[in-house]
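This structure is in structure tokens; I'll ask about it shortly.
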């Protein structure tokens, strides 16, 4: 940590600061510039962070030198990590397509879509049983019944299944049926849920909060990783900005930015980010071109009849055409397409 | 709902749309303009909302006419509602000052601060026992021990106590000790927690999410209110913007904007919003001038020793001086200052 | 325009509103719903827009039906337009790479970079002679001397040259030397400059303002187009958000979103958007994958010696490697790479 | 400047960096921590800033120690500065109310409003002759005719007049008629206009750009001040955020934040910021409570007939009632209300 003193700081302020730093076992390096005195604080980073040194008299501000995450960092784990879910790879060198309906609406509907996305090139199935809805009066998902249907569709197609968990109390139940636990954007800083999910051993797909910086996102990954059981897959899904022509603003720069900081796989959800089906395919391709390890998209056989987010769902033919283009792009980038290992 | 057709929509598109609207029991009013045909949809608003009519062929966009909240709206409850907690009023015509430490650190510390904020003019006590921390390595609060200390400090001073609940599983425990349940900004869209808190009958202090629009904030209040047990107090605490000189950007316009839409009391937390103690008093005064029903601020006897957010805490003398100014302002605005009813 | 009345609007309010609408030659279509009365306003859109009907008693809000731009819209010009600059195509079916230094620093430096970017695959040259700098104490560009050097480098390489004009008074001078006039992000709503540039007949490269919505951006294009002389090329270059890990947040969704609304070509500047050289190539590829008609990037032979924005410049070898990848991607998308027509 | 080396930086990287620093006459202080080596750069700050040291091999990032503005800073001028315009004080210890129509629409209208705002307690008159309009088809103001009317209304009432200048070419003309030159939010980084306005000797009212940080705003003030002729008055008018219930988000924290950094007076425009007349008075009061040196608001006798921004204008009686409340608040804060000195 670097502490910058105010121009009018006194010698007594400086001595007080140095004494305070040394009292907790840290070292202070004082450097007097032409306009400011600066104090470098050296020692255990966790101790440094926990001291509100910027509240001491004469201090203008304190600047962090190190990034606050460890287990998620590239320094801790210099090679990109790969998460493998029932034989499907997510991470370095692979492009993984996850697809499915926004919400599980019923058995026939789910079976059809699961078959369609498998035929179209998906390597994993997504679908919501517990749905976070802005309105208490909207359809909230089928709950456990939805989980059972997802498990059945997964068993039928061989596609591993990703579904959201919204509540610490649901974690054991969702683990019975899901292959990957999704923590949604609205729960990215639900720290108890992160901790609970991190203890299951199941991979956690962590969506970026709509107001989360890349650093905060990686800190939430750190919560999961600090439980030492579950690997993490990051998922960029758009942030809130003043632009109202799209549902959110998809921040694709976050993909290479994260990859320069962290070993974790990162995929992109262009469906929720844009909110409009005609923007999904261009942004899915852009995500892969930016270096993402995969995409997650919503597919519905009859979007105009969907019970949730129909305006952003692709129909199966559009999905298959998009995956074809992604194949070509993956080849260009020297990457493999992920595929389910099981035959069906 | 108003549906705008594309310039190139056909008669068949229009007929299909009208048929779809009528199929679910709604009525369609078609209006042909010089450049666009517009269809007004009339009927049960919940049905209207659940239909993805903007996915039909020929539709350019759908515009909501009614706001999506009911119980939180001024139309449902035209007079401002007042929440009373152990004799302390929060709402219409009253200015209520809530103060206390960011985190409960220990008994002596809490007792001192509680006494100091009472002497300084606070009507209620705040303090964290369960703390949402960005880093898993930061101090996470004293948990139940902290709750017990808060209860004791409350009993000693007669100040009702507000504390945060972060997890659905903690709700019964926190209810044993707290007078008001706080749902933090990071959990504003933790819908399960809102539902659980809304069933307790205890008032819920609902902080605005850092990326939540006023409409989304009121929808989260609607979740609580839809449980028919707990009243809601809103708390503006700053939103995320590009400005990095303050921790968040305090959106004071949200105060009169909410009051024009909702009957719920709204208070302001300038401590978390600004993140700097020298900005707290000006913004607390500004909040009251903007019409807020109260403020919630952090006070610490020795901010440089605080275990959490010391840089934004006021010392007790600065707190008391600020409350003096608020007294003058309340008088100017024709409002009363809230005070605890119990003698001690 | 659709006008929504308040729930408590009276019959007199409605009559007053209708009279007001009819007074200016418009027609009012009244539609009474279960909870709200709605008035559709039909007639000359410019007249409608100029009337502050939402200030009338009983009015809750007014919603625009039509988009406010005409000449920039796809309805006015249903085919994508292509701008041709000295034989170099920008627009539909083509991928155009524009490259060069942030700032012209001197003759040798510019000649070297111009040759390098041509060799690397650029179809046009960029470079700043007048530089908008946040600080009055920073290097402000070489001015006319810089323009002369750009002209000479253009003549030498056959690459048409794009350079920024910052002031209405500079327009004639810059026109003497430049092939395309750039209006920078900070001047996107400098309406006098837009008007002046639009009268020159030279193509105008219009960067998106860092706080401009897509609609506002197209309205600024409309200013230029309304002068009936100059075509417009749009350039996305990042918007301001809370994310501080990148200089701006590159909004690639704006590319397909614009293409669904407007016939204007749209290119992307990943250098200014990200501010970090290691993010430029991934985001350039992503831009092309999203459907952009080209990219504009900064190249410098010795970024650590650059007088401006060295941290975001590519070295010539990295530039050439990136263009190689773009070639492959263009082929995949069925597009041609633009090339200068003249031999040198 | 503080330079943080990467964890994998070599000794050669460090030596190269130090040599580079010393080559331009600066000094390097090397400090080796447990996890990072840090280099403090000491010397002429302008030289430091102009070197892209973060592009050197082994460098992770560079952190600024000093703020980039000088003439605008509190260190350069430790007492708050006061701008006096024809006897009307703006700054320290005074509350100044500026009011008038958005746009000058004609003589009778302007004379009436000028008289009304004077009677209501305004100390200065505002009004637009050159209007920055998002659409080329909107009313653009009366131009020189509007300036003449403003001058006449000012002479009649004794209220000094503030009006916007949009173009470097208009500066001499506007100076003939105006007492204060306004540079609008959209031109806050029109650096040529800032320079030109700064040479006139007339006070410059500098509105904050809708995407400008406080630092960028002060840098634009620095442009004006660096011309050594004109004083600067800052004006906060709202920033762009995701909140769409108000036109912009008024950032009142910027008022005390600026006052802790700069000596310049700062006033607030709640009309443009909120865009709704019912939010103007609460936010005007809040601005004064936050410590602002004044407010600037729009007043119109018949807002529903206004040619521009009628929905945010106050009627004269509402204006006078608001100023009455401001009087009480100024007294509470120990401030004087500014008043025009001339009798009429």
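Letters A, B, C and D mark the chains in the order given here, with residues in each chain numbered from 1 onward.
Convention: contacts are C-beta pairs under 8 Å (C-beta built on N, C-alpha and C of every residue); 3 or more make two chains touch, one makes a residue touch a chain.
Bear in mind that the values here come from a model prediction, so they are computed numbers and not experimental data.
Shared contact partners of subunit A and subunit B, listed by label: C, D. Between C-D and B-C, more C-beta contact pairs are found at C-D. Comparing the centres of all chains, each the average of its CA atoms, the largest separation from subunit B belongs to C. Measuring from the averaged C-alpha position of subunit B to that of subunit D gives a distance of 31 Å.
Computed centre separation for the pair subunit B/subunit C is 39 angstrom, with centres defined by C-alpha atoms.
A straight line joining the Cα centres of subunit C and subunit D is 26 Å long. Taken residue by residue, subunit D touches two or more other chains at 211, 239-242, 244, whereas all remaining positions touch fewer. Per the touch definition, subunit B reaches subunit A in the complex via residues 20, 46, 49-50, 52-56, 68, 132-139, 166-169, 186-187, 189-193, 195, 209-211, 216, 219, 222-223, 226, 239-240, 277, 303-307, 309-311. By the touch criterion stated above, subunit D contacts subunit A in their complex at residues 2, 4, 7, 29, 31, 33-36, 38, 40, 42-43, 45, 63, 65-66, 75, 240-242, 244.
Contact residues of subunit C toward subunit A in the complex are 211, 213-215, 239, 241-246, 249-257, 260, 273-274, 276, 278-279, 282-283, 285-291, 325, 328-329, 332.
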